[in-house]
Each structure stands twice: as C-alpha cells, then as structure tokens.
Amino acid sequence: MSKFVYLVPLFPLLGFLINGLGRKSLSKSAISLIGSGSILVSFVVSLLIFFDVKANGGSVVTLFQFIDTDSIHIPFAFQIDQLSSLFLLIITGIGFLIHLYSSAYMHEEASPHYARYFAYLNLFVFSMLLLVLGANYVIMFIGWEGVGLCSYLLIGFWFTNNDYNYAARKAFVMNRIGDLGFLLAVFWLLSKLGTATYSDVFAQVSSLSSFDITAITMLLFVGAMGKSAQIPLYTWLPDAMAGPTPVSALIHAATMVTAGIYMIARSNILYTMAPATQTLVAVIGLATAIFAATIALRQNDIKKVLAYSTVSQLGYMFLGLGVGAYTGAVFHVMTHAFFKALLFLGAGSVIHAMHHEQDIRKMGALKKYMPVTHITFLLACLAIAGIPPFSGFFSKDEILTAAFSKNPLYYFVGVAGALMTAFYMFRLYTLTFLGQFRGTHEQEHHLHESPWQMTLPLIVLAVLSVIGGWIGIPEVFVENAHSLEHFLAPVFAESAKLAGQEHHLAASQEYMMMGGTTLAIILVILFAVNSYKKYQLSEEETTGVSKLLENKWYVDELYDAVIVNPLQALAGFFKNIIEKSGIDGLVNGVGKLVGYGSRQLRLLQSGQVGNYILVMVLGMVVFILIWFNDAAIMQLLNKIF
Amino acid sequence: MAGQIEEKHMQALTNRSKEVSRKPMSFMEQLYLPAILKGMAITFSHIFKKQPTIRYPEQKRPFSPVFRGLHVLNRDEEGRERCTACGLCAVACPAEAITMEAAERLPGEENKYREEKYAARYEINMLRCIFCGLCEEACPKDAIYLSETFAPANFTRKGFIYGKNELLIPDPVTEPEAYQKARGLKEPTTASQN
Amino acid sequence: MSTTEILFFFLTALAIFSAIMVLVSKNPVHSVLWLIAVFFAISGHYILLNAQFLAIVNLIVYAGAIMVLFLFVIMLMNLNAETEPQKHIWMKLAGAISGGCFLMMLVSLVRQASELNGKTALMAEGNIGLIKNLGKALFSDYVVPFEITSVLFLSAMVGAVVIGKK
Amino acid sequence: MPIQYYIYFCLTLFSIGIIGVLTRRNAIIVFMCIELMLNAVNLLLVAFSKMHYAAGLRQDPATSAGIDGQLFVFFIMVVAAAEVSVGLAIIVMMYRNTHSVDINFLNRLKN
Amino acid sequence: MTLLAIDWILLIEKLVLIAIIVFASLGIALYTTFAERKVAAILQDRPGPNRAGPFGLFQPFADGLKLIMKEEIIPNTANRSLFILGPGLAMTAALMTCAVIPWSSHVELFGRNIELQIADINIGILYVFGVVSLGVYGIMIGGWASNNKFSLMAALRAASQAISYELAMGLALIAVLMVSGSLSLKTIVDQQMEPGRLWNVAYQPLGFLIFFICAMAECNRTPFDLPEAENELNFGYHQEYSSMKLGFYLFSEYVNMIMSSAIMACLYFGGFDIPFLNETTLAPNLAAILGVLALLTKIVIFIFIFMWIRWTIPRFRYDQLMNLGWKKLIPLALLNMLVTGAVILYLQG
C-alpha cells in the first residue's frame, strides 16, 4: 500500500490543475465535484495507508532524486509512519469536510472565482500533504512554503478589498520571518551532517555538539513560531480572518498552523536533547496561551475570538511539546482540529445566515433559527472548554498533567488559561445563540439554517468532537486505554528513552486535579452564560484593562513603533541620501564613462562591411605571420631588447 | 440576370452557340488529359480530310457569269476596232477613270476602224476603276466589255494606266488563237473542284 | 608534357584568368558569365581528377542553378556597368594588397611544409569519384548528414519564400 | 600531379575571391566572390581526397580512402545552394528597400 | 613526344562521328522546320509548302538561304559581345546533348569496332541534365543583351520555366534510374533490349508522361511557348535578332526537340531497339544500321507528336504554367518515385 502514497498528494494536485486551468469553462457543480472529489479520493487512500501503517509499521518511499550532487543527496521521498499517517487523515478528512462546506458557502462567487478558490484550496491541501509526507526537511520546506503561499492567496482571496490584501501580505511577511529560521536550521543541518533526511539526522544526532543542537532547534522553533502563530509572530493569524471562513477553518485552525507542532513532534529527538530549547518552547507556548486568551476575552468579532482562541490552543500544544508530552501535543492537535474546525464552520454558518455580519454584539437568539448549528456549536464549545467526556478534556488534561509533572507553575498558569478559554467561548456562545436578537429586522427575516453541504460537515465534526478524545483516555480511568499513545509510541520511542522514566502522578492527585479543574470550568461557564444572557447593545466606551484587551494589548502598535517605523526611517535614509548621492553617482559615473568611451570607439565601427573584412584579412595575415614565425620574432625581440 | 432574360428573348442565329459554364471543374476535367486527347483526336482526324486548297495558278475557281474583270476593247469579226470614241463610257464612269482622244478615219483605214471616227488614244486608270461595269452598259457599239481577267500586277503606278495596246483584244484575223483565248472561247484549265 | 598536364595547366590558366575577369568586369552580367567559365574550368579539374559525379553536379548546381539565379536577380534589378557602385581607389588598392599579402603568406607556408613533398593527387584514375561508390558512402556513413541537409534545404526554401513575400 | 600545384592554384582562386570581396561594393558580386572561394575549397578537398586515395592505394587496392573529401564537397555544394537561395532573397529585399545593391548603404543595423 | 600517346585513330574516329552526328542533327533539324510547316498544313487541311522542289522538299534550304541573306542587325544599345554570344550558346547547348546518345550498337569498319556513341560516360543522364540546364543561358543572355524589355521579360520567363520544369523532369528521371540502376544511357538501352524485358515506358507510364510534358516545356514548345508568346511579348526573347542569329535560335529549338525525342526514346522506348526482333541474330553492321533507323523512326514519331500537340492545344497562361509545374507535376513525380521505390523494395523482398 505504501508505494501508492504518491496518490495522496497527486489527486489534490490534479484537482488544482484542472480547476486552475479550466476555471473559465467549467461549471460550478463540476468545479466543486472535482475540488471535493479529489480530496475525498485522497482521504480514502490515506485511510488505506493508515490501516496499513497500523498493521505493518511505516516505511520510506523514494520517488526520485531531487538534489543530487557530490556532497548532498536529497531524495524526493515520502515518510510514512504513524505520525504522518495520522496527519494525513486529519488533513484529508477535515479537508474534505471543509471542501464540501465550501461548495455551499462560496456558491455566491462567480464561476471563475469559484474555480480559483477550489484550485487554491486543492493546492493548499497538496502542499500540506507534501509537508507532512516529506521524508526530509527539504521536502517539508517545500510544503512549508507551499502552504504559506496558499495561505497568502486564500487570505487575499477577495483581492478587491485592500485591507484583505494587507492582511494577506502581513501573514506572508510574518511567515517569511519564521521560514528564514527554518531555512537556516536546514542549512545548519546540511552543513553539519550533510543530510536532511529524518532517519539519518536522528541517527547521527548524537554526533552534534549541544550548541549545534540548541541552535538548530531554536531556529526550527522560530520557523514554528511563524507558522503556528506564537509570540512574537502571532499577529498575522487574527488578521488572516480576512479570508473566507472555510479557509480559516482549514488553514488557521486544523492544518497549517499545526505544521509547527508537526515539525517539532517530528524532530522530537532533537528537542529532547536540547533542554534549553524545550524550556523556551514551554515558556513561549504558555505565554502565548495566556496572552491570546486574555485578548480573546474582549473581542467582539466572532472570527477574531476564534482566531485568538486558536493562538491560545496552539500555545497549549507548544507547552505540551516543551514539557516532552509529544503525544499529548499531537493528541491536542487532533482534537483541536475537530472542534476548532467545527467552531469555525459553525461561525461560518452563522455569518452565512447573518449576511456577513461578524459582530457578536449584533447577534443573539440564533438558537431557534439554526438548531443544527446551535447544537454543534455548543458541543464544540464544551469540547474546547474541557468538559469531560468531550475530546478537549482528554487532550488538554494530558498536556496539563505532563506540565504539572515538569513544573507545577506551568500547570497553574495553564489552568488559568483554560478557565479563560471557557469564559470567552461561552461568552461567544451566549452572545450568539442565547438572549434576544440584536440585529436588524432584515437580517432577522432572512435567518435560516444552512444547506446540507454545510450542516453535514458540522454534524460529522460534532460527532468527532464528542468522541474524538476517547482514543486517549488517561491510564487512571482505564488501563491501557490510551490507544493513541501506543500507536504513536514508535515515533517518540527514542525521546522517551532519552527522557527516562517519567514519574507518574498518584491516581488520587490526578483525580483531584481533574475534578478541581472541571468544577472551576463549569463555574466559569455558568458565570459567563449568566453575565451575557441579558446583554444589550451599548455605546459606552470601555476603559482600563478591557480597553487594553479589546485593543489586543496594543501589540500591533508596539510592533509598528519598535520595528516597522524605525525600519522605514532607515529605508528612507538609504533611499534619499545614500542611494541618490552615493550609489547613483557611482553607477551613473560608470555609465557616463562607458558612454564616453563608446562614443570614441564607435568611430572605429563605420558600418561598412568592406572595412571589417579588410581588417579581418589583415588580422589573419598578422596572425599567420606571428603564429608561424614565432621563433624569428622572438629572436628579433631579443636582439632589440 | 438581365443578360439571361435578354438571352431568352434573343433569337439564336445558329444552333452552334454554346452557353458558357462557370461551374468549378470536376476532377476529370481538372486532369485536362481526356480533353487534350479528345482535341488531339480531332486534329488527327483532319489528316485524312480532303484538302479544300485550289492550287491557284494551275487551278482556278470558275467565275460567275457576271464577273467583272479587266476591260477589253472589242473588234468585229474582220478585226476592225468597234470603238467610235463617242465618250459615253467616259461620261458614265463614276470614278472618272476613262479618257480618250478621237480622230477622223483616213481613207485606206477602213479595214482598221469600223466607223468614221475612232479613238486615237483610249486610257483607263486601273487604280481608279471600280469595276462597276457602267461603261459596258453605256457603250452603244459593244466596243468595251469587262473580261474575267483580274489582279493585275505592275512595278509602277504609271503601269496601271492601261492604253490601247493593253486593252485591245488580239486581231481575230491575224492572231486567231490569241483572240480565241482572250474571248474565253477556248477554255483554259479551270478548277475542277468547287 | 602529358595530355593531363597540358589540360591541367590550360584549365588552371583559364580558371585564374576567368576569376580575375570576374573581378575586373564592370558589368555584373559579364562577371556572372566569367564566373560560369571558372566553374567550367573547375569542373574540368574534377574530371581530370576522375571525380565525374562532382564535376557534373558542380555544373548542374553551380552553373545550372545558382548562377542562373544570380543572372536572374541581376537582370531583374537591371544592373549594368553604369549603375555599378565603385569603391574609392585607395580602398581597392588596400584590398588588393592585403589579399595579395594573404596569398603570399599562405604560399610561403605551403612551401615550408615539408610533409607535402612527394605527395601527389592521383589523376584520371581511381574509382572513388564514381557515383556508385559515392552513393554507397553517402547512404551508409553519411546518411544522417544527408537527411539533415534536406531539412536545411526545406528551411532555406521556406526562408527564401518568407523573405521574398514580404 | 604534385599536390602543391593544386594548393597554389586553389590559394590563388581563394585570394582572388578575397580581393573581390574587398574591392567590390556590389553585394551580388561580393556574393559571387564568396562562391568562388567555396569552389576553391571544393577543388582542394577533391585534390586532397585523391591524394589520400593515392596513399591508401599503396596498401590496399580496394581502398576507399579519401572518399570523405568528395562527400564534403557534395555537402558544401548543398549548403551553398541553400545559402544562395536565402542570400539572394535578402539581396532582393535590400534592393527593394534601398534601390541599390551597394553594401555601403548597409552601414546601419536599423531600418 | 608524349602527345603521341593519344590514340590518334580513336580521336579521328570520334571526330568523324561527331561531325556526322552534328551535321545529321542539323539536317534533321532543317527538315524538322519543314516538317513543322507540313504537319501544321496537313492538320489544317491544306497542302503546306510545296513549290520549292518536288513536294517542296527544298523549302528548308530556301528558308535557310533567306535567313543567311538577310541583313544583320545589331541594335545600337545592345551589348554587342553578349548579343552575339547568346545564339551561339543556345546552339552549342542544344548540340552538346547528342554526345551521350547511343545512336546504335557498334559497327565494324576497317577492322575496328566503332561505337555509335560519342562518349559512353557513366553519368550520361546527369550530363544531359547539366547541358539542358545550361541551355537557358543562351536565351537569357540573348534576351538581356537585346536591351529590350520584351526580350528581357521573355528571357526571364524562359529561365523560370526551364528551372521549374527541370525539377519535375529530374524527379521523373530518378524513377527510371531506380528501375534501371544505371546512369549510362547505353546501359539503360541495353537493359531494355534484353529478351523478356519490356521497354521502360511499361514500368514508368506516369514517369514518361511527366518527362514528356517537361521535355515540351524545356523545348519551349506549345503549349509551353510562353517565352515566344507573340500576343504578349511581340516575338519573344529573339525579337531583336535577325538573319542567321535568329536562325540559330530557331534552329536550336528544333535541335532541342530532336535531342529530347532521342533521350525519351532511349530512356523509355528502348532506344535503338527494334521491337519483336532479336538483334544479336543479325550481322552486327546490319543490326547497327537497322538500329539507327529504329531510333530515327522513334524520334520522328516523337517529333510528330510534338507538332501534333502544338497544332492542337492552345498556349497556357503564365500562372497556369507555373501551377502545373510546381503544384501538379512535382508532386506527381514525387509520388511516382515513391511508388516505384516501394514496388522495387517489395519485389526485392
């Protein structure tokens, strides 16, 4: 089965080509059929591969030599193992649902743009699959850049709006900063080890000095920061909500942003051997989780809330990675993919129903208009808030437990973040679905449940959000029920060996922690629902901390003041002073010199063919004279000098 | 269109006229060869056709009875000139080609001239003559008539002014054979073919 | 002196004389005709070398086709001695002198080349110039170049037509 | 016939061709002089071919040494024919544009 | 003296043969002009020239004498040397062809075996081809030297016509060469004489047709007599010519006709082969004389066909002429060549 792995990225690529080239001639139904169908086929192949891996273990499939020089051999190879097959399923599965959803959500677009959208989406899936499947950092980097490009294209999909274009550009530039780190890390690896293939790198990792490992992991983490929106490179993600909502669901919740997690999980051995980096990862992750959660508390745009929530959840994943709970991180990636995709799609459904109104203050009481969306959204909120037995509970609990065993401080800060999560999610839920409707009458009149293409993915994802966590039930509940850990064990075996036997918490302590947290969360939820149930639209200015939070801690302004403005000033200085007087003068001087010289030399070139030939013949005569009489000429010269 | 309508009303003079066809040529026609061979067969068949040529000096076409050739001044049976120089012919001539001078017959010349007056000089400018035959009709004495001789040749224009010695018929008494020949009584070889 | 030698020197003299006449003729048509004479002389040389095929091909291609084209063009343009552009006398002199120098250099080189001594070209014998042998070599060892020349011809044809149609 | 004779002869013809190119301004004559040079080379090739043949004949009576030279001549003729067709087309174009075949009129690469 | 090494007797023999053939050709050409007039007359139901001598047989001499006695006129603005060179070249090129025509097998005379062919060179057909391609010079030079635009136009027409039809002719020829495998005319004729073998026309009917048409065009015969189109070009390339120089041009046309007839006879109709007769059973001299007569008969028939066509078919228009040459005959000839090659390969297995 493994040798057919190339089919997985092939179908999205074909879909991209067909939709991209035939965008002027294909009908909308054909476009959506091709776009979604190609992902569905990929999903089926991924399933087969998954079961194959489960039964027979992983393998590496080399398609051809990509870069083949004397010192560096980089094959175009696909790594198929437990980790990548799991990600394949997430990408293609959720990807298919979102494609299906998109076919209805984007139906108002004109046919060529509709095709363009699906082509971008397919290209994105292709790149993401390449990222996940690559058997070395170079292939991964290709996919890494591919998803960056697609993200840029999709965020700026409505390119007639300039703000969206700026958002797209911001995402692109932020990602580039991270990518530079990634690229440097890959070069570092290549120069030290001469290879970028995972198996070779991990086998030879012990030959690297600790400085090298730390530097490489730091640089890789910079890459992850950019892609996975961690402090300080997180600001692009909220702005990226400019894109169509399914895009946010696919890229900014389920797949692309988890690329950083995947990359670190993939390189777990390197990180295990670099404790300093691990600590940094954990701290950054935790900081991001809290920081983003605080911002999310006061956001009023439905998608912005979800965006900051995503950033926050990503912080949790990094926390997991930082404390060595790789399985937990991956587990959270999976569950997060389910419920965050669901949330985004639900939000999309709401926005669809509200005619592109995104401000939650102007919604409310949608419960009775959109039952399916309401139920699924509620389930997702419960999942993300960490109420057992929904999926979020298990994954978040695993990370927090691991964090506690590393450092109790991590745990408490993490729990604080979780409480905030519960609060802002239910604030969102309450404002949207409960209370009374605060929008215009026209909107109220048009409120409706979304078509089946949109509700079907919601239902599927809701089911997954509910039961998705049951593959990782902690040991304390049921012995050996954590099937995900067993499945992923081979990937993290090496790290586990290095990290040594982690000391398990006592079961009672664990029960206590879970119970306490859950109780606190339920209280917070009740508080949130209660305080926002009667919410009325008011014009009064927010002040103090609220204002700070509403303005996202003024981070964008800070960046502008600290980085962007000085840089622009410097560029202005170079442009106006250095270039004008120095470089231009030099370049123009050379040009003038050459111009003068050629004006003089041009006199030689009369344009008369006869003269040229005459000179040519004379040249031949002289040449023959010298060539065949060199001895005589040398004698003559000797005599003279 | 107009042409076609006119054609309908126009009466065909012969049945050999053929309508021009502007149809694009068929493949066989584009080959040309059949048409060429047909044409060559037609020309080849002409090898065996009878030649209509009359080999002129030897063979001649028979003249019609009213043919009007060069003029002849006649004599009577005794060889005397019939012309009495009355000038009626010169008057009748529409081209004014005839001139003459009359003279009195002297005694002893009765055997030469039939009347008392005769033409001492009688000239016809053959370049002016239109061979209308009016002189012949005007002559009261049957002295001038138009023969079957035609297409005279000469080196100078003067030579075409025929005098009496060119015009007078040979004497039937002294040169009977030449006379017979000039009268056309003794048939020369004429064209047997038509 | 054998007949071959007499013929050789005769043809050589004819060729060189005609070639010079090509240069000095003021009338382009005369130049063309003298050039044809050169080609005839060279064909004669080919026959002396028993390269019959080349001799006749030389005639057909050069005299029969190429020079007809030249003549054609000259006649079409109605070029004659009066319209013939003339170079400055100094340029002519310079050209003649440098060409002469070139000839002198090469001749002196050949004179120095001792490995040529005693080498002769086989006259009036040998069958490699016969069409049979040439054909065999052409269609076995040189078949690819031969095919390529056909492509060259085609492109030349197309090129000439395109240029001429403008 | 000694090969030097042929070399001298062909060099002479070649040089006459060069002098023609140098001294004439009529593009057609220049072109003809180039043909003259090509012919000189052709003749020399045939002469060399027969020289090699003569050398080869001493070892092997059935030799075909030197046949390449004659084939090269053949190819040169082919190329010359192609060259002439295109070249004359260009000259005709030039004449149409400038009403002259003077190469000195062609001292600009534009127009 | 090494000059003595030349086979003098052979030289004399060849010179005599050349003289005979040249004069015979001229004689035949002389009478061909007469025949032309006679045939035209017969095809048009008239007797034709019949005054000079019995049946007008001395007519060609009268014509020749008239041409010679006419005043020589060289136009003032004409290029003198080329004006004179033109007809000479035309005549020379026309006569040169006869060098490779095998008039018959050999005769035995004075104990010598004399071949009735001036030179049996192994590339005979190519030689013919080369000479034919030179024939156009006579016309072009004459037309240009006259300094008359009609002459020049006619000359250019003649040249382009000759070049165009040479191609198709050569392609048709190649098919014959593929059948015979030799370029020597003598060999080709001998092959056709072999018992049990048909004349080449049986194998190459299309090729013959193309060759025939091209030969007509090369000789500037009607319907391809565009260079002499009186109604468009007054008289053609020899408009300014008079006297014997004009005679040369007219004559060379007839000589060309004879030579092309002879070549067609050799290539396609067995040359001097007498059908249904095995020549080897006869005495060599008798066979040779009969052979010459046979060849002459074939030539006469061809000439008759030439004239027959001339007096049947009207002249082509110029574009029709070019279309026929380039768009019909050349593709046809190529096709013929292709089919011939395929069949030969098939027969060889």
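Going by the order they are written in, the chains are A, B, C, D and E; count residues from 1 in each one.
Just so we're on the same page, a contact is a pair of C-beta atoms (placed from the backbone, for glycine too) under 8 Å apart; a residue touches a chain by one contact, two chains touch by 3 or more.
Everything numeric here is computed off the predicted structure, so don't read it as measured data.
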item: Neighbouring chains common to chain A and chain C, by label; value: D
item: Intersection of contact partners for chain C and chain D; value: A
item: Touch-connected components when chain A is not counted; value: one piece
item: Chain whose Cα centroid lies at the greatest distance from that of chain A; value: B
item: Between C-E and B-E, the pair joined by more C-beta contacts; value: C-E
item: Core chain by centroid distance, with centroids computed from Cα atoms only; value: D
item: Whole-Å gap separating chain B and chain E, where each centre is the average of the chain's CA atoms; value: 49
item: Centroid distance [mean C-alpha coordinates] between chain B and chain A, Å; value: 121
item: Between chain B and chain C, centroid-to-centroid distance (C-alpha), Å; value: 72
item: Distance between chain centroids, defined by C-alpha means - chain C, chain E (Å); value: 29
item: Of all residues in chain D, the ones touching two or more other chains; value: 18, 21-22, 25, 104
item: Residue numbers of chain C (touch at least two other chains); value: 53, 57, 65, 76, 87, 91, 94-95, 98-99, 102, 106
item: Every chain pair meeting the contact rule; value: A-C, A-D, B-E, C-D, C-E
item: Complex contact set, residues of chain B against chain E; value: 36, 39-40, 42-44, 46-47, 49-53, 55
item: Chain D - residues contacting chain A, complex; value: 18, 21-22, 25, 103-104, 106-109
item: Residues of chain A defined as touching chain C within the complex; value: 610, 614, 617-618, 620-621, 624-625, 628
item: Residues of chain C touching chain D in the complex; value: 4-5, 8, 12, 15-16, 19-20, 22-23, 28, 31-32, 35, 38-39, 42, 45-46, 49-51, 53-54, 57-58, 61-62, 65-66, 69-70, 73-74, 76-77, 79, 84-87, 91-92, 94-96, 98-100, 102-103, 106-107, 110, 116, 119-123, 126, 128-129, 133-134, 137-138, 142, 145, 149, 152-153, 155-157, 159-160, 163-164, 166
item: Contacting residues of chain C [partner chain A, same complex]; value: 87, 91, 94-95, 98-99, 101-102, 105-106, 109, 112
